[in-house]
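Letters A, B, C and D name the chains as they come in the text, with residue numbers starting at 1 for each one.
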Amino acid sequence: MTEMSKIVRTITNIAFPLSMIFGFYVIAHGHLTPGGGFQGGAVVASACAMVLVAFGSKWTIGKIKEKRLSVLESLGAIGFIGLALLGLVFGIAFFHNFLVGSDYLFGIIPATGSGLADINTAGVLPLMNFAVGIKVIAGLFVIVLVMAYAATSYKEDKK
Amino acid sequence: MNIPEYTPALIVAIPLIGAFLTPLISRVHDKLRNIFVILVLVINASLVFLLAYDILKNGIQTYIFGARNLSYPIVRILFEVDAMSIFMAIISSIIVLVAVLYSWSFMKNNTGLDKYYTLILLLTAGILGMVMTGDMFNFFVFLEITSIASCALIAFWTSQAESVEAGFKYIVISAMGALFVLFAVAILYGQYDALNIAQLADVMQYTFLDKIALVLLIVALAMKAGLVPMHMWLPDSYGSAPSTISLVLVGATLASLYGVLRVVFTLYGNALSTIANFDVAVNVFIGWFIIALAILSIIVGVIMALIQTDFKRLIAFGAVAEIGYMFLGIGAGLAAAGTAYGNVALQGGIFHIFNDALDVGLLFLVAGAIYYATKERSLNSMGGLARNMKFTTVFFIIGLLAVAGMPPMNGFASKLLIYESTFQLNPILAIVAILCSILLLAMFVKVFYSAFMGPELPKFKKVKEVPKSMLFAMGILATIIVIFGLFPEIILNNIVQPAADALLGYSEYISQVVAGGI
Amino acid sequence: MSTRTIAGTIFFSIVFAFFIFIALMMHPFGVLNESEMDDYIIDNTQEETGANNGVTSVVFDYRGFDTLGEATVLFTAVAGVIMLFRRLKND
Amino acid sequence: MIYNIPYIAVVGLILLGMYALVFKRNLIKMVIGITLIESGVNMFLITLGYRKESIAPIYTSSPGGIMSLPVPQALTLTSIVIGVAVTALMLSLVIHIYRHYGSLDAKNVRRLKE
């Protein structure tokens, strides 16, 4: 895909950081407000797709190689299953939330009923949210990138 | 010796971790990746055998994800592994291990191999998860993993138009089937607010909505298992996928068949004996429904196989016929649930799942070997391969005799059980089954002559035998077939018998979770 | 009327009757007949998982294994798409 | 009193999707049909979890009151992402079919003989 007009590209430059921040906010507050790894990851992936549409697939693939994205995705996936295995290592069960109630990071248990938003709660959940968020961002962006780039490279082969 | 109680979770976690690591490892070196994948599968297979030994010794194993013991309203997901599910897990792990050994040199000159091995590991995790889970929604998620991974693998050779179209046809049918399963799970959840199979089976009152959910589940899973009315995807995808993928797909299809068994025998276990419409018990009704579809798929499979010219499509239609035999045994076991010959039929059907997976798998590997050596797929352009492909010819003969159910091979033992039990149920069934088996034998002998015998074709002058690793993989399958052909009681008494009892004994399955609780 | 449309309409009407039955027989919207499992989750999601968001506690802690299957589905789709669009150099 | 209107909407969505899948011959319309059925089934799953006058099951500064069921929402989240994965794979296969056959009409995408 060739790149779009100058206006679209400048608007994208402005809108991209804002939507990235909002996406990471949704990922980080997954255990407090509605949202989480998948939803936040989808927001950030749509921001990256906006960049892809505005600047064209050739420029974007020049900027970020598809190999590096799939490595990022594998890391996110390993992080997620690693956190699950840590529950097993601590001797209880495969998906055990071992950080709840402990005095480490994210260990506080909020008061029952309508507790105030305190980010330092919910044990393993924020870490899992983060791992899944990275995985969804990298995964969805790779799908869009590969499809866009395949369409353009196919036209060159035909020429 | 006792094994740690989290083995069921490990059996699914290890292929997943392997799949997530393969892209990273394959950036290091290709050989290292192949070794890593085989290592992961060997560890997984040994864990499955250990768990099988433990289950056959002291009964059903349950494993709760996230907590040590069960809070009463069952909130967490739990794995419930009984003799039947570990039996299917054994088959799948053997098949995938042989497929990866075979594809070491079969896939040598293809690109994109790290994604190929990742998808095979994900497919293994999907099949093993589907087979061992005790939660309906979890069963749907693993069913989806199996369909997506196998669809991508079917379309592996994107340069061929048939594979891409077969992949598209497969994913459309799988997506539809999975949506029906999800709809049925939603109906069951809407009524009983429970997702656990044992709890649902315990609390089920077989209302009108449950009948609809049962129909949806049986239609969707039988469609995925390749039963006749919707079997068209099977010859296309088996025929145009690489041979190792056809082998692994046999395992994926059998997992959907296990899904039908688990739904009919356990989820609706209580409801089976109730007298449904026009005063015939539910199990007789469903049993005869499955028998009808089974006989239809045997006949269609054999007839369509007779007119094929492509080697792999021919074997694929043979596979459709073999799936018909499995459903015939299981349907007869269901229709005659109480009687002695009903149990024999069920054991025959389950034993045939094991035998057929290996027989059809061996034939696919032989077709792959011929394709690897001669780049030839259609039968009428092959000939006189026996001269310079000695071992492949021997393996083909073993596979041929096994699929047709001839005495020395394991196919004979299971088919004999099916014949004698369905004969007592209704003689016509046994007659049709025997006739189709003979037709199958005639058709494969025809293939044998056209492909292997005959004059030495000039263009096959320099054809040499396939590399060692492919022969080794085919050898494993052939030895297993011959061993269980000569002494079928080994596997019959201490694996197939408990599996059949586990299926029929659904109350024991339920008491593990609900009444007994942990 | 080609056979395809006739077969299509017959299949269509069967499915239509099927789903209408479900829509009518299901418990009325908003009035649940069974909600024991979910009440348990709503009551002690804060003690057991420490999360204020009930849905995220179900997604990542009570039914975390589903989400692992979920992440695997996404990983499979990405691996499949990348594999389909690879460069077939020497194929 | 909205007796069962959401379920009628679910049935409508599913039938629309099935119509597109069964009668349309363009491959992309079939993919759209499957996505329609997917959203229909997801909507059915969500409507099962609603209680009368209930609020979302989130405790952060929540006004208090009956809460709707969290489990169907978690199941629907999983089902939506599965829908994305299936659609992504189907579309990439459709791209490849278009490259091989040069057309998206299911009638002449019939290289596989029956």
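Note that a contact is a pair of C-beta atoms (placed from the backbone, for glycine too) under 8 Å apart; a residue touches a chain by one contact, two chains touch by 3 or more.
Note that the structure is a prediction, hence the values are computed from the model and not measured.
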| item | value |
| --- | --- |
| Pair joined by more contacting C-beta pairs (A-C or A-B) | A-C |
| Intercentroid distance (Cα basis), chain C paired with chain A, Å | 21 |
| Whole-Å gap separating chain A and chain B, where each centre is the average of the chain's CA atoms | 36 |
| Distance between the centres, which are taken as Cα means, of chain D and chain B, whole angstrom | 28 |
| Distance from the mean Cα position of chain D to that of chain A, given in whole angstrom | 23 |
| Residues of chain D touching at least two other chains | 48, 56, 58-60, 69, 71, 75, 77-78, 81-82, 84-86, 88-89, 92-93, 96 |
| Per-residue multi-chain contacts in chain C, two or more chains | 22, 26, 32, 35, 37-38, 41, 46, 52-53, 55, 57, 59, 61, 63-70, 72-77, 80-82, 84-85 |
| Residue numbers of chain B (touch at least two other chains) | 16, 20, 23, 65-66, 137, 141, 144, 148, 151-152, 155, 158, 190, 193 |
| Chain contact graph, described as a line, ring, star, complete graph or other shape | complete |
| Chain C contact footprint on chain A (complex, rising order) | 30-36, 38, 66, 70, 73, 77, 80-81, 84, 94-95, 97, 100-101, 106-113, 115, 117, 121-125, 128-129, 132, 135-136, 139, 142-143, 146-147, 149-150 |
| Contact set on chain C toward chain A in their complex | 46-53, 55-57, 59-61, 64-65, 67-68, 70-72, 74-75, 77-78, 81-82, 85 |
| Chain B - residues contacting chain C, complex | 16, 19-20, 23, 65-66, 71, 73-77, 109-112, 115-116, 118-119, 122, 125-126, 129, 137-138, 141-142, 144-145, 148-149, 151-152, 155-159, 187, 190-194, 207-209, 212 |
| Chain B contact footprint on chain A (complex, rising order) | 67, 70-71, 74, 77-78, 81, 84-85, 87-88, 92-97 |
| Residues of chain D defined as touching chain B within the complex | 21, 27, 30, 34, 37-38, 41, 44-45, 48, 69, 71-72, 75, 78-79, 82, 85-86, 89-90, 93-94, 96-97, 100-101, 109, 111-112, 114 |
